[in-house]
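What follows is a structure written as structure tokens; I'll ask about it next.
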Amino acid sequence: MKEELLSLIDILGTITFAISGVFAAIQKKLDLFGILIIAFITAIGGGTLRDMLIGDLPVSWMRSVTTPLLILVSAVAAILFRKIIGNFQQTLFVFDSLGLGFFTVLGIQKGITFGFSPGICIAIGTISGCFGGVIRDILLNNIPLIFRKEVYATACILGGLIYFLLLKLDFNKNWLDVVIMAIVFLVRILAVRFKWRIPGIYNDKMEM
Amino acid sequence: MKEELLSLIDILGTITFAISGVFAAIQKKLDLFGILIIAFITAIGGGTLRDMLIGDLPVSWMRSVTTPLLILVSAVAAILFRKIIGNFQQTLFVFDSLGLGFFTVLGIQKGITFGFSPGICIAIGTISGCFGGVIRDILLNNIPLIFRKEVYATACILGGLIYFLLLKLDFNKNWLDVVIMAIVFLVRILAVRFKWRIPGIYNDKMEM
Amino acid sequence: MKEELLSLIDILGTITFAISGVFAAIQKKLDLFGILIIAFITAIGGGTLRDMLIGDLPVSWMRSVTTPLLILVSAVAAILFRKIIGNFQQTLFVFDSLGLGFFTVLGIQKGITFGFSPGICIAIGTISGCFGGVIRDILLNNIPLIFRKEVYATACILGGLIYFLLLKLDFNKNWLDVVIMAIVFLVRILAVRFKWRIPGIYNDKMEM
């Protein structure tokens, strides 16, 4: 049952990341093909970098055609129904945050499977959750949003820390994944809702 | 004989991608070293990402010194004769499109060799053909051309689809590679000649 | 003893690259988290790409938690003491150049260990030394400094060429690493001190 839950959220995560790629690309006025590429890269970017760093090759989306197809269908649907979805940015944002939670947990689990130490597992989970958005922003020639405005990667790191804390406290393993996904999801949601910001560092001497 | 044809076009493709890197870098006023690096990255970028994703490591240009040397010689020649070549942009463009066709077919073949499904093979071929130019544009701080103006990756994908269609129809395998390279080449040439554009998606609500 | 020297400079190199990432990120007004990420990427970027290209996976910083911890501590210290360090940019620059020398030599040695030809080893050394800074600049949406103003990668390549020259001349292997690090370090220092520039290539016909 747990496996099925993960698969379901995996699918939802992939779908929502693909959709967020579509909307980012439309804003930059890319052509149809560019939109599909950005959707694809946003959805698979995090897992791809994770697999390349770990050495779990070929990267996971290459092993079956399901993920690419899922992304294609989601992106086309997002393009077709963009006006409807455009009115539900809130909904989109919720699913995006769910995806962030899922990919973070999936990354942590993969790190554990490969025998990495907890700190590295948290890094792997964070890379899995965030890198798709980072590479999307680089390709669209923005400073990645992750570095600018939102408590994004911080939610992943916080979730990862709590994961290993609960693991140490013998927390029920069946519920651990769900709890961590919920934490990443909620931190992200609340951060945006209440405009949490990580403080910047300003140094007059450094500025030109 | 087919092997030799592929090697020949491999060489031509590497040369022309290196030259296109040189010209892109000169336009951005990079220094001599920067120009050589961009030439190198443009020529090997697609194959390198392909090998890193598949797990065929070390990446192919590391296995012999031939490719780096070929790129160095091509780039230096392009720099020395830049005024002459500058008058033959048409020629350059033709060779660039030939290289696109070759690297696409090479990528598809490598995908088949590694046992990937047709959809993934087409993705691998497209990455092989296009990524050198994408990373070149990222390094030069442009939105990659691929997302903006031209039927570029689309030519690779179209070529890949026809590849597997002809394979299914028992098309003569000796000619298959050549035909697909010709298709990618021609689609690219005709697209620029007749200013084919992939339509964009505009959504008033989305624009700021 | 040689091993210990290398470990010491490895630590110094990692520290100084992390610090340079901190200062680059502060100038771009990133938040605290963004600064830490940029510090991390600057410090591990070169070695990570090297390991991904070679296929020495998982990448080296994943194998122990020492490197991530070292970077975290260095970055936090740089943020806390940024006004003091800001007055010692000269010192910072010296350590940064030492790090460049070390990572270049480490990369060359890794290339030799894996059996690559000298030209490829020099490329691997250069990637190890320079790529952290390149990816830092890409993430901060600058044209990488390496392509613009300084004799940076050139110092690595020069060091690499002399490495294999001395190796051929049966130079004392115990001193070879130190000598090459010194050369890379000095070329970099002198280049900035005396404003050496690699000439650009200008071509009126190419400019728009």
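Chains here go by letter, A, B and C, matching the order in which they are written, and residues are numbered from 1 within each.
Rule of thumb we're sticking to: a residue touches a chain if its C-beta (ideal position, glycine included) is under 8 Å from a C-beta of that chain, and two chains touch if they have at least 3 such contacts.
As the structure is a computational prediction, the values presented were derived from the model and not from experiment.
Q: Specify the angle of rotation obtained when superposing chain A on chain C by their C-alpha atoms, rounded to a multiple of 5 degrees.
A: Rotation angle between the two copies comes out at 120 degrees.
Q: Answer with same or different: of all residue numbers used at the interface between chain B and chain C, are over half used by both copies?
A: Because under half of the interface numbers appear in both copies, chain C and chain B meet with different residues.
Q: When the C-alpha atoms of chain B and chain C are each averaged to a single point, how far apart are the two points in Å?
A: A distance of 30 Å separates the two centres.
Q: Multi-chain contacts only, two chains or more: what residues does chain A have there?
A: Only 52, 55, 57, 138, 141 qualify.
Q: Which part of chain B faces chain C closely enough to touch in the complex?
A: For this pair, the touching residues of chain B are 23, 25-35, 37-38, 48, 52, 55, 57-59, 62, 64-65, 68-69, 79, 82-83, 86-87, 138-141.
Q: Would you mind writing out the residues of chain B in touch with chain A in their complex?
A: Where chain B meets chain A, its residues are 52-55, 57, 114, 116-117, 119-120, 123-124, 134, 138, 141-144, 146-148, 153-154, 197-203, 205-208.
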